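Paired with chain B in one complex and with chain C in the other, chain A is shared by the two complexes that follow.
What follows is the complex of A and B.
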């Protein structure tokens, strides 16, 4: 571990400094910026959790809103009886349990059937809770917290969740479990015949990702004075998370986070207008036609050719020798994009 | 049979499987001795691949038993059968297209009979990749390989599972004469390590060169069993391949 930390000392140093800076952010900026960062952290955690299961196994789930909503409702029900941290844990556990039951009964479905099922599941849970709420004459539920500066509490909690989710997703991608998930996505039959217990892997990882979604739902909802079923089970969450993950690149553990940040910033710029929906649609078209692997492979290609020392020399005024790697790599990256564009026009 | 002295690795008893009204495998029994190559041959549609699917848990048998070292494994899930040391390749080659050759082979080592962590699997995959003749191509993605090289990856992945019994489904099909000789040499060396091999095959040259015994199937039933030379000249076998009239003529 120490050896590893030493080898990646720059990465470790920069990321810990970055994490500290992010944690101190609310004490140096306006409420507006904090709200923006709350949204970023929530979306980063959701997109990363989604891609952890759906990006690797290619079981495309539209049930993000379902688990998000289960988290919200669990919190709304138990937070009056339990201390807040326990209530949040209960929400995560509820998401885990629901996903476990759903996973055991449905992960036999593949492709479009699984997609449609998860979409239907969200609607089913939504309507069941609606029915139950109406029957109990409690259509809206109130959230009571006695924390001053609740947005700071929410931000710090979501920051920890987002960072841990990305770190966990990165760590798992290097373990046997990570290889098992990818193998299932590539060819489930081969995975089974190479000794992978595919059912256990799928159900456990689906549930783990659902737990994160439920937790994020519970934390973000602390800001709301009240909730109802249509707020909790809003399908927009499922689609935005999916698009964020695909835009960033579900093939890399850090890809979905990039997509989520971009999408939140875009949403912030277009807030209150009709344009966000259009931008979302355009994003989707761009991903499908031009960036089937998302932005991550493109970023990686530029980064591989990125030579910090050469860059410094250039900044100091030195001329680059011909064929030095990073501009060439950049050119290659652009070439790939142009080739895709050409193919698109011909279509 | 020369190599059958050291016991039976896999024993198939009264195996039966029907798809609707079609009986694909009917009351099939045969033994696979340790360290020997058993050929499974027969015309197309005679049920050979179904037998492999029944043995590896891809399909559930309707009746009968599959014994590995005397232990009943019929009805086990595929992953458990793999961990019990039965590995296979597929008739229509199945490699993981977006994983590298090394990662494909690592999977067998990480999840097979003696699971290893990724770092160790990575080191040990190198030797297997070299052995099947893919040295220098370890970092290529599966999809970039030629058909023949994809077959090599499949074999390396199956060997990485550390099998006691290896099932090859037409692994030698589609090879050119030079590649065929290399392939035959490779399979012979695998047998030399004491691994029992079942090979479904149409290439008669390979069957004669490699098999210690041959089981012939037709319409789901065993119609002959014995050494390659004896079996391939039997009237029933010629009849099954060519049709009864031609065989009689």
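What follows is the complex of A and C.
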């Protein structure tokens, strides 16, 4: 452990300093920045949780909005009876249970069928809850909290969730479970024949990622004065999370987080504009044709040979020697993109 | 009760009509086109401008413009955007993942452009908006025309697929593209043709639907979804099955709304779809 910590001393130092800085952020900035970071943390957690299951096994799920909404509704129903932490846990548990049932019945569908099914399922749950709400004359449900500075509370909670999700995703990717997930993504039949209990692995991981989604839904909703079914089960969540994960690169544990941050910033710039849709669409096209593995492999290629000590020396004022790794790698990365463009258009 | 059933049949005919082109595209070209609804709405917009424009023509005439445009655009989409993916993909699953993403991106781009140009307001026009008596029940003539249009298109497509040389080639590609290629079928050419024909069918469906349902630049997604539900319920590449699945969906939706609760129609829609997908993942009308 110590040896490991020493080997990654830069990583450990920088990331713990970064985490502390992030945690102190709301005490030094405006509400706008805190809101932006709430959005970033929520999307990072969602995209990482999504990629944890769908990115590795290649079961593309559009049910994010379903679990998100289940979390929101559970919170809205139980938060008047239970203390807040318990209500949040209940929301995560509800997401876990729903995903368990869904997973057991549907994970034999593959490819497009699974995609369409998860989408249809989200709509089914949405419509049923809407109908039930209208029946009980409770179309909107109010959220009551007695916490002052609720946005700080939400931000700190989401920050912890996001960091834990990324850390857990990274840790699991190095365990037997992570290998099992990747093996299922490569070839499920082979995975089963090598002795992996594919059904348990798939259902458990699907449910675990759903629990995170439900938890994020529950926490973000504390800010809302009220909710209804079309707020809770908004399909936009499913699609944005999918794009964030694919843009960042679902093949690396930290990839989806990168994509989520970029997407939130893009959305913030284009907020409310008609052009957000067009930008989102172009993102999809760029991902498929130019970045099949997302941004992560590109970043890694640029990063190889990156030397923190040399970087520090440069920052202190030393001159960059010719052909030093960092700019050269960047150039190589750009070259790779151009080469791919060429290969694509030379039909 | 009879009126409810008749309403269901008409509605189901519309579902079948909307899904025909998508099923042709997915069945023959193996491309799941999520931007399909945008071409349907494109057909509706062209019909709208034909009727409401300077000369106030019959919306049927708009087909002379919208069908060639939709055909050409879909052919270009297949040739320039889909073909590189088809070549790159190691198997159908990988191709599906890529195609879903690209066509979904296209959906956003086309819808965004439509919003920028035409804004998101609802549009509609009046065409054949009068009642006719069918076996004692009174129904709108434009709905009946759309239903007949669906039947004619499905029948024509069925006859082409069943009784012509081109049709045999297309059916062979539905069953096994590799074997079809080995038998001398020019798979690439026919895939592009089928994809383009699917887009043209979408434009026709859009024109027929726009005579009785108002639409906006953002309603394309709903039609894609409906088409997808019906096509997957029917089974990939089944033409008459598509119409039958559409009818089933329409009738069940109307009956459910009438007998249980009108607020449940959408839930019944998705419930029926998820049930069928669970019980028969390959569709109702495919032979095992």
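In the analysis below, the second predicted complex is superposed on the first by the 318 of 347 C-alpha atoms of A that agree within 3 Å, B and C clash if a C-alpha of one lies under 4 Å from a C-alpha of the other, contacts with A are read in each partner's own complex, and residues count from 1 in each chain.
The rule is short, and it goes like this: a residue touches a chain if its C-beta (ideal position, glycine included) is under 8 Å from a C-beta of that chain, and two chains touch if they have at least 3 such contacts.
Fair warning: this is a prediction, and the values are worked out from it, not measured in the lab.
By the touch criterion defined above, A:176 lies against chain B but remains apart from chain C after alignment on the C-alpha atoms of chain A.
Of the two partner chains placed by superposition, only chain C is touched by A:123; chain B is not. In the superposition on chain A, no contact is made by A:28 with either chain B or chain C. Touched residues of chain A were counted for both chain B and chain C, and C has more of them.
Once chain A of one complex is fitted onto chain A of the other, the partner contacts of A:282 are limited to chain C, with no touch recorded for chain B.
By the touch criterion stated above, A:274 is placed in contact with chain C alone, chain B being left untouched.
Once chain A of one complex is fitted onto chain A of the other, the partner contacts of A:192 are limited to chain B, with no touch recorded for chain C. Residues 56-58, 77-80, 82-83, 87-88, 90, 94-99, 103, 106-108, 110-113, 115, 117-118, 157, 161 of chain B touch chain A in their complex. Within the complex formed with chain C, the residues of chain A that make contact are 58, 60, 105-106, 108-113, 115-117, 119-121, 123-124, 127-128, 130-131, 134-135, 239, 246, 274-278, 280-285, 287-289, 344, 347. By the touch criterion stated above, chain A contacts chain B in their complex at residues 174-176, 179-180, 182-183, 186-187, 189-198. Chain contact summary for the complex, chain C toward chain A: residues 32, 83-85, 92-93, 96-98, 100-102, 104-113, 115-116, 225, 228-229, 232, 261, 263-264, 266-267, 270-271, 273-274, 277-278, 281.
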